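These notes are about the structure you will find just below.
Lettered A, B, C and D in written order, each chain numbered from 1.
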Amino acid sequence: MKSDREKESGAIVSQREETVLQRLRRQGISRRGFLKFCTATASMMALPPTMAPAIAAALGSATRPSVIWLSFQECTGCTESLTRSHLPTVESLIFDAISLDYHHTLQAASGEAAERAREEAMARYAGEYLLLVDGSIPYGDEGIYSTIAGVSNLEMLRQGVEGAAAVIAIGTCSSFGGLPMASPNPTGAMSVNDLMQRGAIQRRPLINIPGCPPIPAVITGVIAHYLTFGTIPQLDALHRPLSFYGDTIHDRCYRRTYYDQGKFADTFDDEGARLGWCLYKLGCRGPTTYNSCATLKWNGGTSFPIQSGHGCIGCSEPGFWDAGSFYEALSMPTAAATTATRAGVGVGVAAGALSAWQNLHQRNGARTGHQEVKLDDLERG
Amino acid sequence: MGLDTIPIRSEVMSPPFEQQGIVALLQEISQLLRQLALSDENGVIDLRRSPLSPAQREALLTLLGQGEVSAELTVMGRSRVEETALAGVWWVTHYNEEGVVVAELLEIAPIPQILLSVEDELGESQDRLQQMIDGIINGGSVK
Amino acid sequence: MEVEALLAWARGPGFEWALLIMFGGITLRLIEIATLGRKRDLSLPREGKGSGWRTIVSRFFSFPLLATTNVITYVAGYIFHLGLLIIIFFLVPHIEVWRGVLPFTWGGLPTTIIDLVTVLTMVAMGLLLFDRLTHPVKRLLSTAGDYLAWTVTFLPLLTGYCTYHHLFFDYSLLLALHILSVELLMVVFPFSKLIHALTTFSSRWFTGEQFGHKGVTS
Amino acid sequence: MSASLKRGLQAFDEVIDASVASFFSSCVHCGLCADACLFYTETGDPRYTPIYKLKPLQRYWNQHYTLGGKIASYLGLTTAVDDAELAEWQELIYNSCTLCGRCSMVCPVGNDLTAMIRKIREGMAAAGYAPEDLIAAAGRAVKIGSPMGVRLPALKAQAAHVEKDSGLEIPFDREGAEYMLLLSSMEIMNYPEYLEAVARIMKQAGKSWTLSSEAFEATNTGIQIGVSDIARTLVKRVVDAAEKLRVKTVISPECGHAYTAIRWDGPNLIGRPYPFEVLHILEVLEQFRLQGVLQLEGSESQRLTFHDPCQLVRRGGVIDPPRNLLRMVADNFVEMGDHGKMNWCCGAGGGVGANESAAELKMQAFQRKKRQISELGVDAVVTACANCRIQLEEGLEENEMDLPVLGLTELLAEHLPQREKGERG
């Protein structure tokens, strides 16, 4: 990436025309190395391992696409997630295989030079570049809550989307709004998809890679897919790549057997917790969270939250900040049960009193107004 | 305070329990072996996509056993290829340069792909060897 | 996004409304019943052989009293009631719901057992519906209310089963539908024959006291 | 003022109480009460399902005593109970229910269906949908003193006959007697042996007793037809006579509904507890047995069974006495299936026997009892209710089963030591 940062715009062109394979070979990577790389890539992309040769073939001829990364209302956690992944890794090789033309945290250039680099890349590769977005976009009050170089996030995104071949929303904020959108959402934050839906920006093929942060291998995996096949991967209704978000954490969790057996940890320090039983009761969001943490894991495949004894908090799901406590079981109502029950009883007492008053009026009226039934009264007149 | 004083331990699962979880995997291996015998088609199982608990992984290793061949590659980090006690079933682990596992596979093949030398390379080897020979004949030593 | 919003609504405001309507309805119904009162029996009671409390318990075991032509009603009826009881009170996620509204909690059963019970319960309810549609007595007695009560009782079972097995939709939507179906049940409960879950106790008590007054255990 | 829908519905209002509301709220339409009702089991007609017979009252309650029903009525979503419906239901409420109470015993949610049939009859009668025969019987009861039209002179003649036959005194209007005996007109007309049997037992036991010339009839048509006002008039006669004679105990005769009427309904009808006790004749005899003043000799070798009158067992609580008494004289007593509080009705109680329009249905219903009896292979059937006895006799005859039907009191009297016969009291 250092080379990307320091390169002149002329160098971009010559390097872009190199295929990924050529570039890797130039770095002294052998055929076995390349095969290993493709195998790892397939594994990461959740493709059948037999696809490795296809990846090899595709990467052998793919050229490096230009990538522009825009950051809005975000915490840089997504970038951290990516750069803290173990360098040099297979993921970093993928990153090497793209031309990252603008990323205001990573690039060396700053100020107007940086903005110029972005504008140049947008102009040169109009209709071809990949647009990566992290952070949500403030939409309230015409987007004045966040600006870069005097340009509002909304406007910068609008310009960026226009010439993009596809948009990848990195992280929960850009995918679903995330923390900035949590109630009461003072900036009127929105996700990229929200803005496309309401026509505030143009529609482009959109891939959401939610997660707070997303798994680095998923980011690179999606890019690898784009490089390999030149298309965006198969998505679900929330624009998430099915290969990474097709199953819930719960489905793929190694503790699932305990759930089925009814063995649960009741507190974080009880016997069940020590024995590694299911964390459902402690608020685990595994059952409603679609992500690959349980299989790809974190920190270079070391572990993931559940493995370290904490339930999933569902960070890659829409609205997760506003979905109630992370420490109450998923089935537990978030409702104010006592208040509602009391209110119900109150309403019931009032309605019951009214109805009962009428009932007694009718019944007792009939009893006091009773006219003795005599023999002659048994025949109809 | 050392790590060992923290009262955390993994539950030792009874063998039947942990083995239940890997029956499906064993059946897949069996199926791929049959396919290899019938059609010479290699099969691969990506172990990282199977949600195995550490205990289940141990059980799988123990069940498959240790075969006669093992190979170590040094290519973009280490890679280990080990034959299991079942001929034709190979346990392949790729590490990156930092020693982190980047892929773990069960390969069902006469010999794993990564060990094979292919035609391109054979030609290349031949060329390089010819260069060596030419160098010696044309005088001087070869570096 | 809509699914998450639906789930959040079901767990929050939806549940609140359902609780409000259910408890409002129950309170209303019980007040309507209780305020009608009952005249004191002036006849000299026989020395106690039975009482209302005894009948409340004994009618849970009314099965052996009849050489019945109505096997389905008895057998499927028992299975379905017991099944509902087990599912509602012994599935761990359900216990968590109770923990959310009650000051105490208790242990659950393995989910696979609950799963089996759910299947049995649904089969029993299927049989009961079939019986209601075909048995001359039940067909004559049945009203729209009976089919409504059946439906709102069956839906939580069906959606719960689908949620556990991830059938048809994704988990969040199924969970939302499941919770909503329970809320529908809660709303319908006080205004349908489902209120018998509570009034059966008062009915048995009234009858038990009346029979007991005459020295007859009922 | 004549009967009308308005008066009927007003009567519905009067009878609705917390138990009715609870019962109707609890019903889940499971249909199990049908299994308990012999009119359903013997005909297979689902309309005879007990809860179905209550439909007009249930609908009336729902429309007027539940908020949901009131709203539905206001919105015009329900149809009101009308004359056509009550006319259609008359047969279900009067002809196919003997108030036997069996359904109340099996209802899983615990509904006392029989009590509600009794209540719905109040409205049916007030609306003018009581059967002609019951109205006529009620007329005779009120005007003549007995539903069968038995007047005091007829009773006196029977008494004289018994006195002559047995040499025992039949006391009338004896103030301060311990017991006041009530009779049913059926006993006076069809089973005069009963009076003689009681006289002889009393003699042996050494108890003082009397008949009242003002209130000798125990049956209460008001209860059967479902008019509390008439029932009260009839009960009041007995209470007045018993209070006038200052008796300790009033003895209800071998009749089912007469017992429930005077023993259980009476105090509630007149609005106060009695200053005297009411016992069924079998309870009195059981007391005599326990006191050792009922001495019997000899025994019946024939195979006997006992038919429990519903109003005595299920609705009355007199379950053990007949068995204890029968065992004193019967070597070969066998119980019928479902005996005691779960007995099957004979098919003629609750006014059905007096209702000519139910004659055919009543015999259909009797098939259950007929099967029960023939399964047992007995030589005779004993019972303790004149109404049951007539139904049993008629039914057995119609089914060509040649079996005697005996009154328990008479059977016991036959085993009094012979030497006492002929002595003057």
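In the analysis below, a contact is a pair of C-beta atoms (placed from the backbone, for glycine too) under 8 Å apart; a residue touches a chain by one contact, two chains touch by 3 or more.
None of the values given here were measured: they were computed from a predicted structure.
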Any chain in contact with subunit A as well as subunit D: C
Most remote chain, CA-based centroid, reference being subunit A: D
Centre-most chain, if every chain is reduced to its averaged C-alpha atoms: C
Where subunit C and subunit D are represented by their mean Cα positions, the distance between them in whole Å: 38
Separation of mean Cα positions, subunit B and subunit A [Å, integer]: 33
Rounded Å distance between subunit B and subunit C, as computed from the means of their C-alpha atoms: 58
Overlap residues in subunit D, where contacts from two or more other chains coincide: 16-17, 65-67
Contacts with two or more other chains, residues of subunit C listed in rising order: 28-29, 32, 35-36
Numbers and ranges of subunit A residues touching at least 2 other chains: 351-352, 355, 359, 363
Interchain contacts, given as pairs of chains that touch: A-B, A-C, A-D, C-D
Footprint of subunit C on subunit D - complex, ascending: 16-23, 25-32, 34-36, 40-41, 44, 46-47, 49, 51-52, 65-68, 104-112, 115, 263-268, 271-274, 277-278, 313-317, 319, 341-342
Parts of subunit A lying in touch with subunit D, wherever the complex brings them together: 351-352, 354-355, 358-359, 362-363, 365-367, 369-381
Sites on subunit B touched by subunit A in the complex: 7-11, 17, 21, 43-46, 48-53, 56, 73, 75-76, 79, 94, 96-98, 100-105, 113-114, 118, 120-121
Sites on subunit C touched by subunit A in the complex: 1, 4-5, 7-8, 11-17, 19-32, 35-36, 92-94, 96-97, 99-101, 108-113, 166, 170-172, 175, 179
Residue numbers on subunit A that touch subunit C, as the complex places them: 176, 238, 248, 250-251, 259-262, 264, 280-281, 287-288, 290, 317-319, 322-324, 328-341, 343-349, 351-353, 355-356, 359-360, 363
